[in-house]
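Please read through the structure below; I'll follow up with questions.
We just call them A, B, C and D in the order they show up, numbering each chain from 1.
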Amino acid sequence: MSLRIIATGGTFDKHYDELTGTLGFADSHLPAALARTRMTVEHALEQLPLLDSLDMQDADRQRVLAACQAASEKAIVIVHGTDTMKDTAAVLGAASLGKTIVLTGAMIPYEIANSDALFNLGFATGVAQVLPAGVYVAMNGRVFTWDNVTKNRAAGVFQPL
Amino acid sequence: MSLRIIATGGTFDKHYDELTGTLGFADSHLPAALARTRMTVEHALEQLPLLDSLDMQDADRQRVLAACQAASEKAIVIVHGTDTMKDTAAVLGAASLGKTIVLTGAMIPYEIANSDALFNLGFATGVAQVLPAGVYVAMNGRVFTWDNVTKNRAAGVFQPL
Amino acid sequence: MSLRIIATGGTFDKHYDELTGTLGFADSHLPAALARTRMTVEHALEQLPLLDSLDMQDADRQRVLAACQAASEKAIVIVHGTDTMKDTAAVLGAASLGKTIVLTGAMIPYEIANSDALFNLGFATGVAQVLPAGVYVAMNGRVFTWDNVTKNRAAGVFQPL
Amino acid sequence: MSLRIIATGGTFDKHYDELTGTLGFADSHLPAALARTRMTVEHALEQLPLLDSLDMQDADRQRVLAACQAASEKAIVIVHGTDTMKDTAAVLGAASLGKTIVLTGAMIPYEIANSDALFNLGFATGVAQVLPAGVYVAMNGRVFTWDNVTKNRAAGVFQPL
């Protein structure tokens, strides 16, 4: 088993900039988070441009698709913003890559108290090794197939259509 | 899908007692940890006596077995000390309960910096929903079957036999 | 010795709202922070409206002044936003209240990794008990008098004029 | 103003060793803690052997005294175990060094949730710059003179004699 983790930004990777007082992107938290997991499964981390998923354009999703296509691994975890996670999942799902691709993210940034980021990373890393080929969203401790998931923004939870 | 989480203690749930300056057990961290996950999968938390797994006797493992037998859920996560995790897994594995039972724990307590506890909880919670019936150990970002796992104490990692 | 802590908001007390993905104000972190200090000095916490200090108007500073005037304690710590901390300090300094008033805050919110909030609270709580009557700003591990301090926003540090 | 911080171990600096499952000493947390304070006051960190203060012998206290004597700074913060903090304070107090020396520590290690370490460091760093020459213990948000302080171990708080 070999695993690829692809960082694309999103709330998971938001960072507080103390000079501007705003949340944005700097270095990804994933190298530190992965070290903390003590994972012994062979894995590679690939960092794409870190974006708020509301700012993702078609070209950005195509870049994620290209990274999945190019990956030699059969199991892929994508750390992604929650707001358009299902849209990227749909692009990947339609491509039928024959790999197990699991998108996850966080409601609270990794560096902020009470964050779900590390739990979600663990959840996604686990199911990516076990699920059959396909494209999935893993949030709220649940697995959703790419074509039956939406974010309920008022409640802040993912749910089936 | 419905999930049972059984707390049995171990490093995951160790707590620093500031009056004695020692690590022991007080209230389980799992209620707080589970709230933090924002899990929407139906789940129940069952707390057994919290023990250092080096202190677990046969009767303690039988109590874990009884809890798994009594559970109405088909998917069970057991939070357990790492040192004798494989022994409890062996007791559960030999019982052939027809449920998916995943044991996990932590190398660093939940309340201490750089802990793997939340990652492991996420990992176990994910694979418990996806794996076929059987008894597994989930540590270091890997799934082990109950009859092919050991803790390498010198290295602090789980590995196959 | 008796101490009053007045919460007025600022970066110290910013909270991440997971539904909107923004930093704002909810409950103050100060009750939790003060419990964590294990302070045995008699102290009272007074919460004024929590504001970003860039949004503070004259009326808001007058409310802080009124709270200081009304306080029975001779030692007061004010948790305040950094951007206009010196302006509120100037209002308080000009009033010559005969009390030891120390303004502090944080560059990183209390709930975000690597925050200076708890250090600054400790620093301010200490010097407020020891300094003679007057109005001071305590940031970056230094004490400044109210009429000789400015925030260097580019560097993110406080310094004398 | 120039400040010396002397690390001698104690609960503040305890570290969880994941291979042995015990709390002991490794690298001091103080370099990271000091970076986090964003202190601009000139300061030097001096690390002595890190000890549980229950293990401190006369020779260890003499080494602390020698470090204070050798320091060019007039303000010194000593991070020390709580159990014999008053004993080291007594050695330093009797030496009448003409410097402001403040001993502090923590009830919960810096790396464990809910720690008072950073607050105490801030408190001590503040009062060390303001108090007249003498030897003090700063714990529980209070300043004690070296000859009128004891740790109430049952309650876990410092108090006057």
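Going forward, a residue touches a chain if its C-beta (ideal position, glycine included) is under 8 Å from a C-beta of that chain, and two chains touch if they have at least 3 such contacts.
Owing to the predicted nature of the structure, the values given are computational and were not obtained by experimental measurement.
The chain with its Cα centroid farthest from the Cα centroid of chain C is B. With centres set at the average Cα position, the gap from chain A to chain D is 44 Å. Computed centre separation for the pair chain A/chain B is 25 angstrom, with centres defined by C-alpha atoms. Chain A and chain C, compared by their mean Cα positions, are separated by 38 Å.
Looking at chain A, residues 107, 114, 156 sit in touch with two or more other chains.
If the chains shown are joined wherever they touch, the resulting network closes on itself as one ring, and no chain has more or fewer than two partners. Taken pair by pair, the chains that touch are A-B, A-C, B-D, C-D. Chain contact summary for the complex, chain B toward chain D: residues 11, 16, 18-19, 21-23, 107-109, 111-114, 153-154, 156.
Residues 1, 3, 33, 36-41, 43, 107, 114-116, 118-127, 129-131, 138, 140-143, 156-159 of chain B touch chain A in their complex.
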